[in-house]
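The two complexes that follow have subunit A in common; it is paired with subunit B in the first and with subunit C in the second.
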Partner chain A sequence: MKPWSTGWRLALRFGLAVVIAVMFLFPIYWLAAISLKSPEEIFAYPPVWLPEKPNFSSYITLFRDGDAWAVWNSLVTAGISTVLAMIFGTLAAYAIVRYRTGGDHLAIWIISQRMIPPICVAFPIFLLYVLLGLIDTYTGLIALYTAFNLPYVIWMMRGYIQDIPVDLEQSAMVDGLSRLAVIRKVVLPMVKGGFFATAVFTFIFAWNDFLFALILTRSEVVTYPVQVTGYFGSQSTFWSKIGAMSMLGVLPMMIVVGTMQRFIVRGMSMGAVKG
Partner chain B sequence: MADLTLENVEKHYGDVQAVRGVSLHVESGNFVVLVGPSGCGKSTLLRAIAGLEGVSSGTIRIGDRDVTNLAPRQRDIAMVFQSYALYPYLSVYENIAFGLRARKVAAAEVDERVHWAADMLSIGSFLDRHPRELSGGQRQRVAIGRAIVREASLYLFDEPLSNLDAKLRDGMREELKRLHSEIGRTFVYVTHDQIEAMTLADRIVLLNNGVIEQDGPPLDLFERPNNRFVAGFLGSPPMNMLDVAVQGDDRSIRLADGQHLRADNASLPAHDGACVWGIRPEHVTLSNGDEPSVEGVVDVVQPTGSRLFASVTVSGQHLTAELDAHADIRVGRPITLSVAIDRTVFFDLGGRRLNQG
Partner chain C sequence: MHAKSSALADNATVLRYALVAPAVFIILMIGLYPFVKLAATSVQDITMFGADRSFQGFKHYARLMEDDRLWEAIWHTTVFTAIALPIELILGYLLALLFLHPLPFRRTLIAIILLPTVISPIVAGATWRLMLDQRFGPINQMIGWIVGGEVEILWTINPTFVWPAVLAAEVWQWTPFMFLILLAALSNVDTEQLEAAEIDGAGPWTVFRKILLPAILPVVVIAVLIRGLDLVRVFDVIWTMTQGGPGTRTETISIYAYQMAFREFEVSYSSAIAFFVIVLLTVIVIAALRRVELAR
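Up next, the complex of A and B:
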């Protein structure tokens, strides 16, 4: 290889990375720009790249009318259901791996639950929720998201826990830890990367849910995806509101993914190595 | 510190009888080695003592407590695993401190004891490192440190040296023995290596197929094995086993090809007829003419520097002799070897040792 070729290769890679980054970041930039544009700028042609004077009126409207609550509702339902799914899922996965609960096939059966198209169960769940009075409640959505994420959490955590040498746990038990303490002091530190990666995905699944949020909420716990789609009217579309609401919805995701990036990458590659 | 008593301990996995009816008493402060071929049930037995494996029947007592149904953490034991079982996310210091912290020992005492253990094992200089930054030998020391740092009634070791290379193993054997005499606790140690068993043990428990073949001080087992299995397991190269016939009346040993040793002054078994003659390689020497001797042909010569091992065909059977490093022998030549009959043993055809008188 000629000496200058490494330089070129580096430049090429860098260039490619920039192109890809721009491709992925552009929509977010565009949303941010729309949310700050004046109505004329939104429809201007040629397009306005940067609003002349940032216009915060859409944000003010969202907070004044209470539309921004939808983001809070999403945070609560996705956040709490993620915490619950991670706790129960990890304990269930531990039981499946170490106590062989359900033999060899339980884990497969559990993950198969995940393969049901949600629309198939939407109607029965709606009827059930009407019966139980869970329509338009936090409890209802949190329970549903927890249930829907559990198979995924169990499946992922099962894989990570299987990779822990059992000697590590047994050594800790001889040293004086109870089973629960072993899970806290040995299992969790060992699976930390996978645990957080799984939690992030679980959170995203709940955050992105549209179908159930649409049919199971009315006004009190409307979530962000439902709220934002409400702005696409049949007569008129409220672009600046869409932009502003999207920014409010994307921000928590960016914070979560940004802080957990290290774990997500490691967690996913752990899965890859294991096959 | 405490003694350990096993009464009729049995363990089966489905149809596999891993341990059958083992009874054993280990005195407080002893270094006991459980040894035997692969799959004989030594790990199973050790793990049953630790409580990591339940027993199918029988009782386990540590000191005066019946621990048979207690969880590992209630048994007051420390254990070194073959895989070392170090926590990769903790520093060496925290690895060693783990058991103390689990038992809520005060911070100052934790620090004192970790440094004491680190000094004992000369690992003080890498307490801040993580296990992945250590060599195999260093990890092994940390694993031992994790166990001895605790004040337990009983210390269990499952093949702690088997992942080390031969040189390191020799060094660690010596250190373990020194460690045991310095801290004076009860050690139960599992290995499949007979040299480790011989060198380390106050007492050897030799297992085979889940039963104790013999137990006692190492030299007892070595010199007075109960049976062929024990005799063949201990010693390297192993004891030679020759098919012979003993004639009590005329005090002689007869080989299949008609060779005939007179043993006028030596002790022979009170037995007439076919038996197996067990001769350790070190009890065979080049004949100087006036002792009972056998004749054979040299097959292979293996000098080790300090000694020389010669494989000799005697009466169609194989005999290994441990000779002087400079012994003048050649492959293919006939050779005359004298045997220290008093130091040899005889077995009946079922493999049990015959009394010599």
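Up next, the complex of A and C:
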């Protein structure tokens, strides 16, 4: 008997769950509402909870003025750095698992790289980038995100590769496949789900980064989080732009939680919880 | 660790290192250079007004000890972590209990609750700043409904309310993280054992202490460690909501280090701060891991 799943107890739990979900969703609803309000509705007192009719002018303004370029910058830097981190990270993870390169020390050193507060290394990296002329370039931001995400990718892919039996690879090699072919044709298909999930998380980390984008960009490669903070002026705050730009940053994340739920636990717990 | 048999035997010794080389090279580029640079600049004398690259001894480290603003920032960070972490953990646990058993639309509701955790902390901060606006935000409006009358609390400006405001955004964004991880951990607890305990007439507290807690503890430790480290270096959400203000009221270690390095260009001193923080954190984490190992 499961008393928690029947009758009035179930109704009570369901009611409570819905109320809580609404509470968590409300701030994002409010953001979406602001992005769709007319200027009068944004500055109405008392605040308007539901825009009369959706007003897309804040989005149109973003695209017309070129501010939406920041979203493109985020897409390019997060996208390319994800591809690079996944390639180099998966190869390294494979070597660490199957060749035991560097033993446990290498793996632990790599994951410890992720523990360092970004602000502590921000200034030396800034100086390095000034020296190399990488400030405000795609190359600079992509290189940084790749480096920053590699430890995560190696750590996660190491876990996924450890989960697959080694026999399959051995028999593939007996059949005459080279090592690299084994990685491509045997290992990758078997870790497909984990590989994809890791890629999505890598993308999210770069997509949501603020600090490095703030210090390493000026005008050309500004990403959307930097753009959002720019709308909080000392004189005036551009509410509709904050709403619309933020929503452009949130929408891809909605797709992620909608489709990737199965992998989120393992991805967020650094592989500690297999969910 | 896995048994030796998971290693494949072939003579491709080149591949063994070639596969790791690019990754290690890239990590070293941003993982090693900054340390060398930090160590070097922290014993030189570089400020906005000039750069003296000769060895200056450890005067910047001595200054750390007397810098009240730094210790205030460390205090803020510590208290913020000590308050936010248990709240997120307890709320996350209660939420996980609520969703542990079958529920209509369970997956959809979980997806909705998870959304705050995957969005940018910048967006979370911006959203709460708009929500908490004294006049055009819904929070003051709702408080007004409860107390019956107009409420115009200056959430991000008034020193009394600014920490609760930041805390609200932080707890909103990261409670779902705890919830999800604890839900996964609780789902893996042996139900037969629980039922047996109930038949034996064990109370809920006994069940929690004897069965649930030992089963989920390893996961709780990891979740606390991940979140604890995130909280100690909190920057984005505070930067968007208050920039550390009013005055230095919400200045955390990261905010202070940023201000010193990028606003006041106290390059050498900020290097000393960064080095100090890295050493401090490393010591704390190693001590924490030791304790966890010992407890096992």
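Methods note: the second predicted complex is superposed on the first by the 238 of 275 C-alpha atoms of A that agree within 3 Å, B and C clash if a C-alpha of one lies under 4 Å from a C-alpha of the other, contacts with A are read in each partner's own complex, and residues count from 1 in each chain.
Just so we're on the same page, contacts are C-beta pairs under 8 Å (C-beta built on N, C-alpha and C of every residue); 3 or more make two chains touch, one makes a residue touch a chain.
Every value quoted in this text rests on a predicted model; they were computed, and no experiment measured them.
In the overlay built on the shared chain, the residue A:170 is in contact with subunit B and with subunit C.
By the touch criterion defined above, A:102 lies against subunit C but remains apart from subunit B after alignment on the C-alpha atoms of chain A. Of the two partners subunit B and subunit C, more residues of subunit A are touched by C.
Once the two complexes are overlaid on the shared chain, A:117 sits against subunit C while remaining clear of subunit B. In the superposition on chain A, contact of A:125 is made with subunit C only, not with subunit B.
When the shared chain is aligned, subunit B comes close enough to touch A:189, but subunit C does not. In the superposition on chain A, contact of A:181 is made with subunit B only, not with subunit C. Across the two superposed structures, the residue set of subunit A contacted by subunit B and also by subunit C is 170, 173. Every residue of subunit A that touches subunit C in the complex is listed here, in rising order: 2, 4-5, 10, 13-14, 16-18, 20-21, 24-25, 27-28, 30-31, 34, 42-47, 49, 88-89, 91-92, 94-102, 104, 106, 110, 113, 115-128, 143-144, 146-148, 150-151, 154, 162, 166, 169-170, 173, 179-180, 204, 207-208, 210-211, 215, 224-225, 228-229, 232, 239, 242-243, 246, 249-250, 253-254, 256-258, 261, 264-265, 268-270, 272-275. Those residues of subunit B lying in contact with subunit A across their complex are 50-52, 71-73, 75, 77-79, 81-83, 85, 87-90, 98-99, 102-103, 146, 150.
Chain contact summary for the complex, subunit A toward subunit B: residues 165, 167-168, 170-178, 181, 185-186, 189-190, 192. Against subunit A, the residues of subunit C that register as touching in their complex are 1-2, 5-8, 10, 12, 15-17, 19-20, 22-24, 26-27, 29-31, 33-35, 37-38, 41, 95, 98-99, 101-104, 107, 109-124, 126-131, 135-138, 141, 144, 172, 176-177, 180-181, 183-185, 187, 218-219, 222-223, 226, 229, 232-233, 235-236, 239-240, 253-254, 257-258, 261-262, 267, 270-271, 274-275, 277-278, 281-282, 285.
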